């Protein structure tokens, strides 16, 4: 067991060039540390870069700058290093139907990872074990079925089994239940929680659903336009959100009676045109309502970019951070980490 | 968990594949046009393969035809009459089928091999490698078919190998583009990403995920390229660019032209090879279209509900 | 939200659905997607219809306007202001479609013609129903776009130039083109981000207030319905299994399926949902192979011995509430 975080992202930048020459800065400076055994929810709307971040963690995208560190080792992008890395970091996808090749049986889909990685042992036993742990019992019954012959929830279990069969240390789940029927979601989430508790897997769940984060996450990081704008434990972030974006997101979740709904105007600008200063300021209710002016920070909101800073007033030992000029910063001795 | 009792998972998967092929076959049987095409094809192929049993090859040689009447109609000299040298037209038809089909097939194989390799590589590797490959493809696409054939014949002498080469070289680009288009879509599929996330190499991705999903396209495209190749061979042989010592349907057409069958009104010399090409090309096209419909991955992989 | 400003129940009944059945012919026999549904909607009221894939809600929505594919059989009555839509002659039906009742679909990718500009697409709806001159139509199109929060000049854009939220607004503008009295919204916000979803919901609420629109809001998201509708009905396997006031049904469901569906939308801040994901085993039922008796019994957490043998119907479950569960019947 390593002491340090299992996964560390250091000042990660990922950008995509467009046809017209502009660059979409999908991930624009992200620092993140994930301790072993934790479930972190990466929350944000479409276009915020969370899927790009997940893919970069998987090694499917290469960062323009910055580092991905797994168990303390920086990720290198030559073929052999990547292959070894993938033994430890696996992914669960948003669309289980698309994630499985229709020409492969379920057995072959789960065994594929074992074969690619050259894992020793009785293949049939390993596959049966993985399917069984993913809730597909008896596993033999599913060996020769094709993905389109089982339901959506079962397909996602197959994808999870295919990831777990390699016994990874980290699983990145990109919207794992959003394409499943509502009544089935809980089962898949319960499975994921069970895997964390029983197999000691660490999980990074990418989602837009704050309710899901409340359900299963230990910590939450909120992303906006390529940066993390607030992070903390689930109770902290959803109980006492500090960043205006987090507050707005939380306020529009139906049936969350806490806050009056703050419906932000328009949509997030695309990552080729990130606003100057605080990237949220054009849509920020604090700026729009004039409160920023009253607090004397409006110039900073429009002109000065900023990163995460510990928030004042949080409990001792808390790691609650927000990137907002309007949020008072904790004194250095107040919050460690 | 104990090991699985017989039969093993792999064997069952193989049996299922057989069953899927049988299902595809019964689908095909329901397509009447496709079945007609298949029957016609089988007849011609059987005839071509059994040529030595039907007509001894010697009958093709003018020397052995000295006793035959010249320009005999089918009524006078069964079953297809004779040409200006007294050679049996039927013998030429049967043996000509061999060459026509063989050249058509060989040229197609060459075109498909090159086209598939280039198409898959261009589609899979995008950006620079793909761009270079596509420029090469376009260059070959533009090469005019007939002038190339004539030039090669002039330089290397007329032969069947030249014909196969010319047809192959000018046919592969359209296959390559078709396959590249499909590969471009396929490589964006989520299961390719998943396989990559499991640690798959490019070779694994191409062989396990890309190729099986374009195999239907390749088969249908092959079936539609053969008739084009046969027509091309017919044209080139008719123009005298083929092997002067062997017979093909195109050669028959050339001979009938050179020997003045039109003025002699010896329709039995130019109608059979023309009809032969027509029927074979039509048969391949019908079968190819039926296969396309059955093997289209979008239709095949639809969920059962 | 608009739920509080709904008119009193004394408002006239605008839509009355009686014993609706929708059957599709398939290779494997007849598939009954809707198996006897009754609904009532008063003028200006919002009724939510919740359900998952295969429950028949989309078949129900398209059946109301007789937009089902040919071959589908629809029986029962759909009374729009007393007139039975299912019995209308084609001429009358065409007149009523869009002017009496309009539908907003999900996924504007499939509902908008990608090679036609927005303006003509909305204009088409107007021109099909009113012989207006070109100038008048484009003025009306501009009006409609402004109504849904888009600048009028967006009429010149193609669908791909708009974002998902903007396209959904266009679909709403399209639905309002002929001043319908009833709007059927089939999963209008499902594919959208939560903030855009909130914008669209608020837009719908504003429009309902302004024009006294009655709305049938169909979605699988029970929490959205609880916030946006006054009354709510839950569908399962082609039938309604619970109905009643929206908040009552969401906060204290009477039917075990509603309970499970509600649990899929955790209430943030409620410790009961913390580290406690719960769902139903199995999958939504295949309409071609429904379990006997109560179709939910195979997945029901409180199933009893009698359930596979009981023909369930909607029994009274409180004030203005009904549920199709033996527990309720007592």
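First chain written, first letter: the chains are A, B and C, and each begins at residue 1.
Just so it is clear, a contact is a pair of C-beta atoms (placed from the backbone, for glycine too) under 8 Å apart; a residue touches a chain by one contact, two chains touch by 3 or more.
Because the structure is a prediction, the values reported are computed rather than measured.
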item: Topology of the chain contact graph, where touching chains are joined (line, ring, star, complete, other); value: line
item: Chains most often in contact, by C-beta pairs; value: A-C
item: CA centroid of chain B to CA centroid of chain C, Å; value: 54
item: Whole-Å gap separating chain A and chain B, where each centre is the average of the chain's CA atoms; value: 52
item: Intercentroid distance (Cα basis), chain C paired with chain A, Å; value: 32
item: Where chain B touches two or more other chains at once, by residue number; value: none
item: Of chain C, residues touching chain A in the complex; value: 52-53, 163-165, 193-199, 202, 220-224, 226-228, 250, 257, 260-261, 263-269, 273-281, 283-284, 299
item: Residue numbers on chain B that touch chain A, as the complex places them; value: 1-4, 8-9, 12-13, 16, 189-191, 193-201, 204, 208-209, 212-213, 301-304
item: Chain A residues within the chain C interface of the complex; value: 45-46, 151-154, 181-190, 193, 208-212, 214-216, 234, 238-239, 248-250, 252-258, 261, 263-265, 267
item: In the complex, chain A residues that touch chain B; value: 55, 58-60, 79, 82-83, 86-87, 90-91, 93, 95, 97-103, 105, 107-108, 112-113, 116-117, 122, 124-125, 127-129, 132, 139-140, 143-144, 148-149, 159, 162, 166
